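One chain, subunit A, appears in both complexes that follow, with subunit B as partner in the first and subunit C in the second.
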Partner chain A sequence: MITVDPAPEAGTEARTGSTPVRAPRKRKRQWLPYLLLLPVVVAELLIHIIPMVIGVGMSFLELTQFYVRNWTAAPAAGVGNYRFVLQFDEASGKALLHSFWTTVQFTVIVLALSWALAMAAAIWTQHAFRGRGLVRTIFLVPYALPVFASVITWSFMLQRDNGMVNHVLVDQLHLTDERPFWLIGDNSFWALIVVEVWRLWPFAFLALTAGMSSIPAEQYEAAAIDGAGVLRSVRWVTLPNLRSVNQVLLLVLFLWTFNEFTVPYTFFGKSAPEQADLISMHIYQNSFVTWNFGTGSAMSVLLLLFLLAVTAVYLLLTRKKDVDA
Partner chain B sequence: MREPQWFVWSRRIGLTLLCAFALLPVWVMVTTSLKPLGDVQGEFRWFPSTVTLDAFVEMWRTIPLGRYFVNSLVVSVTAAVASVALALLAAYAVSRYRFTGRQLFSVTVLSTQMFPGILFLLPLFVIFVNLGRTLGIDLYGSRPGLIITYLTFTLPFAVWMLVGYLDSVPRELDEAAAVDGNGPMGAFFRVVVPAAMPGIIAVLIYAFMTAWGEVLFASVLTDESTRTLAVGLQGYATQNNVYWNQIMAASLTVSVPVVVGFLLLQRYLVAGLTAGSVK
Partner chain C sequence: MRLKRITSAVAVSLVAASLAGCGGNEETSGGAAEDVTLTYWASNQGTSLENDQEVLQPQLDAFTAKTGIKVDVEVVPWSDLLNRILAATASGEGPDVLNIGNTWSASLQATGALTPFDDATMAEIGGADRFLAGSLAATGAPGQPPTAVPVYSLAYGLYYNKSMFAEAGITEPPATWEELVEAGKKLTTPEHWGMSIEGGSVSENIHNVFVFSEQQGGSFFDDAGKPTFDTPENVAGIKQYLDLIQTDKITNPSNAEYSNGTEALADFASGKSAMVMWQAAAGSLEELGMDPADIGVAPIPAPSGAAEDVASIVAGINLAVFDNSEHKPQALDFVEFMTSTPTQIQLNKTYGSLPAVTEAYSDPAFQTEAVETFKSILDDKAVPMPAVPEESQFETLVGTAVKNMLAQAASGTVVTEQAISEQLAAAQQQLAG
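For the complex of A and B:
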């Protein structure tokens, strides 16, 4: 146990004059914070930094199934892996580009729907009414359930012959005669969106509810005195106050959705249909089905660069607006 | 503020629909788990034709569910405890000291949390396989190997959430402990940790939950003897028959502890999860 006698307060003050009492005491022991950080820094090096560096290195190697177990023997590929995955007129490049666009569309739609649902629900539950606590708890259930358990349930609900959704659409409502497939073909993209929104919107709801709870009631009272109704007080009080919450929330939702793996993997099993081939699944399948870790790593590096670029631009744009405002 | 009638009605309808959307899979999960096998092979039924607990008995025999359960439990508990123990020290430093590199540390931790898992999976897989071949350290397919990879996501958010909780413990407590003759580490263990205990438990539960539901690493880095629930449940569907009633019974069984834990600690978890976006 490290114990160092705290410096006598009077003496400290005499030495440093007007500086706050606490600052010099902490400065004297500046090695302590580094000691405290050491375990996490070592762990971060071992599990994040070093694997990332090695991953970048792997993207320049011909790391096929023959060399995965003996990577030092893998021949150098230069930028060959990058050139290969970016050949958009070849089958593999086309597939990557297609997967990328699918992911972009998926992310935009999921974000818009999740945010809209969460915003509506947060506004509806902002002021107390009977049963509000129960409703809020129910909204947390999709977020609390383990993803693999709830998504397996969705895949059962969306089975063609014995699923709940087709039972309602075809047998009970008679909307179509033909039983649609939901886990393959064009429908699979929309099915995946519904499942992802179901899973994600409660988190947005949590964040927005927390943000709204810190809006001072006086602002709403002032708006009401000015004759603002519900919609106008949302427009002029709620939304401006949620600016910083939304700024972070949308970025986090974007990164999560864009990188989503667990939902499509559980939903479709090892091979996703082409129409719902999200980028993480695409890289995963490419690496572990064809056993080409070189091209897989090249795709991961490109994905990271894309995410970093989007994040940087987003932060720059939203900060600029702050200055203007 | 007076709420107009249309708002009250839109709220009733909207919230009812959203609750139905949220609970629909729960309904299907619970009712299906109580159905006999015949009920899940034909047309979907909203209610079981006869209520039976057979699925809950047979699910242990169709796949080695008990083994998967133990694997998930060992891996998730260890990953959660290890990440919280490491993160707690770092969070104390970040929360209570202003030192060179503090900003760099926080930004690094926050950004690695946002990186795609696949970025770490490929190199970790290759490192594990090659360590096994050259040094005889068998991390590939082992529980310790899986625990190490789970730290890649439990550690960053544990640091992030714990900084938030420790920030909310008033500095006056540290100072009072110092006056009582405690050094900084004495103050930390005797005063700050007990005061932040609800938050620490919330982070433990949350880390446990994410590890419990992890699929990406487990799908590649486990073998039959170390497989976790998240991957193992797929086993019911690769048999000749798809035992949907057993899948739902197993899903329900592995969900209950997590959901109950989450809902009990709702208050603390919500505060910690949303701290990042509200600040």
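For the complex of A and C:
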């Protein structure tokens, strides 16, 4: 009762112009919303907040294999872990920075390709035609398949000697004489992008299709009467109507791609090639595989801060444009 | 932690209550002690997890019949085992008895999660001198009581295809590394390559380069346990391995992406390569369809004029008791049983590994030529991986660096000694964290 935020109450009073005499009765009724909120608050604490706080705490400890058995005995490292991961003139810092840039490039390319593919497919299937249901279903297949099975299949297809991709490119189309590597070396970055886009774009397609279904047909008719072609009606009718869908969709895709772990881990195994060393794999290598949970946590905290900052800036920027419009 | 304390408090009070209820009836409490079920995490030694279950179950039944102690076995795949052990260490909730890769011994010893086998404990399971000395050396850091005992011993050997060698007019397996390269060049034809390697596998890479660097007289850690990665000997050892692809060209560059731990062996079994460096694999090779008459095995040769005639790491699986186990005496009984001569004969015969106790070698199954080759490697030519707490990190960091350098060599860029040296220096800096 006492901890209840007085702000909404004041607002209610101001709107309804209620007298102080009626206040006690209103206060009694205010239990219910908080009671209804309780499960989600508890769940949020248990699932998100507490592990996050523990993670931040771990990043200030020298938590190596000597102390995993009893965390409380781990000596305080102060900012030592952060200093270690951020020393960019040393190998560890360079590796982190390299991994970060790789992930930024990976995310930008995956986002652009997934969104463009999804947008094109959604526009194509926006208006009814024979077989539309079938086409939509086929588009959604990658999203419905289990990640592990589909990504392992990709890695088989991309093997140098026995993979289907090289069989088609080299043996049948004779595009190159030398069989290219896809799972190691420079190409591994692009191979990973193809697999990630393949995994991700159906979700974008689903969201955009849902968004488009709520655009009134009249707007397209009006645009057609005004003489707008397909491109112009996409530009002036579809895109403005999808603004809020796109705002959320791009943010979600960004966060998912930046944090992607399952796909590279299944694709490359425990250690990814340098050229495709995504940040979450890098952190995994530096905590689980090398048993140094302190530095792993420090990297995770830095990643969290970065993603928080990007999200905040993004939301601020896009909200401002909303007001302008 | 707190939850555990509450649970144990509840458990204690329940036990107290039941004891009070029994009024000190000794027969009942004696009966309760016998009714123990041990949890055993077994590593994957057979052809599949189910196969392991089938192989182990008769032994476990025999143990239960003998002692009345039940054993609940779970076969854990290698990809999960270390993570599961780490999680068990952090939470304190784990198995009673477990298998560990023997190269993890010193790292896991440092966590304090495994029961030390001091002299008294060792005496309880029949004494330390029953075990192969080489395998017993890979159970923990020197100067400390070991925290595990060997259960399956393994070593690397050079497998070669006898009929391919005969066709190429080579009568003897290579005695030096130069001879091996020469044979490999003769055996590299449009149909097959001289040697196959599991070049994308971090653990295979580190085991191979470790042996090559030992041959050069190199070492990745000094006597004080400080890392010394970037030495000319280590660089030479790694270069010897990379040269299989980049200079000698007796290994298919595609091998650089082999990472699931079976592809190089499958290439050898199907005649795509004439040699492979592998741990005891005759059983798997036959299962892959190779004619047993074609399978030859010899020690991996050292370069002529090598500093040390090393042919293998001391490979193998150790058995450990989890320190948080509530049934330590029973767990030790189980360790004694698993390392007893009859069980050792039975299990190692099935898995194609070597017994960890000397007495078991009297069995005719271990008097074949191949077993004798492996036993002589293990006796005279095998060195344990560094027994330092950072061993796992070392394997990961250097193994990954070698994997990346192999990838570079495979795509046609020659990796120079300078580049190897830089990679080793970088790996060492990352270890410091």
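Note that in this section the second predicted complex is superposed on the first by the 280 of 325 C-alpha atoms of A that agree within 3 Å, B and C clash if a C-alpha of one lies under 4 Å from a C-alpha of the other, contacts with A are read in each partner's own complex, and residues count from 1 in each chain.
Quick note on the criterion: a contact is a pair of C-beta atoms (placed from the backbone, for glycine too) under 8 Å apart; a residue touches a chain by one contact, two chains touch by 3 or more.
As the structure is a computational prediction, the values presented were derived from the model and not from experiment.
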Partners on subunit A (subunit B, subunit C) - clash or fit: clash
Winner by number of subunit A residues touched, once subunit B and subunit C are compared: B
Which superposed partner A:Thr262 touches (first subunit B, second subunit C, both, neither): first
Which of subunit B and subunit C A:Ala312 touches, first, second, both or neither: neither
Subunit B versus subunit C as contact partner of A:Val68, first or second or both or neither: both
Subunit B versus subunit C as contact partner of A:Phe288, first or second or both or neither: both
Which of subunit B and subunit C A:Val108 touches, first, second, both or neither: neither
Which of subunit B and subunit C A:Glu274 touches, first, second, both or neither: second
Contacts of A:Leu45 with subunit B and subunit C, given as first, second, both or neither: neither
Shared contact residues on subunit A - subunit B and subunit C: 68-69, 71, 161, 269, 288
In the complex with subunit B, residue positions of subunit A that touch it: 1-6, 22, 26, 29-30, 32-34, 36-37, 39-41, 43-44, 46-48, 51-52, 54-55, 58, 63, 68-71, 117, 120-121, 124-125, 127, 129, 135, 137-150, 152-154, 156-157, 161-164, 166-167, 171, 198, 202-203, 206-207, 210-211, 214, 220-221, 224, 229-230, 233, 245, 248-249, 252, 255, 258-259, 261-262, 265-266, 269, 280, 283-284, 287-288, 293, 296-297, 300-301, 303-304, 307, 311
Contacting residues of subunit A [partner subunit C, same complex]: 65-66, 68-69, 71, 81, 84-85, 90-92, 94-95, 159-161, 179, 181, 183-186, 268-271, 273-274, 285-286, 288-292, 295
For the subunit B and subunit A complex, residues of the former touching the latter: 1-4, 7, 10-11, 14-15, 18-19, 21-26, 28-29, 32, 40-44, 86-87, 89-90, 92-94, 96-99, 102, 105, 108-109, 112, 114-127, 129-130, 133, 148-149, 151-152, 155, 159, 171, 175, 178, 182-186, 209, 212-216, 219-220, 229-231, 233-234, 237, 244, 247-248, 251-252, 254-255, 258-259, 262-263, 266, 270-271, 273-274, 276-278
Contact set on subunit C toward subunit A in their complex: 79, 83, 86, 89-90, 92, 107-108, 110-113, 200, 202, 252-254, 256-257, 259-260, 389, 392-393, 396-397, 399-400, 403-404, 407-408, 410-411, 425-427, 429-433
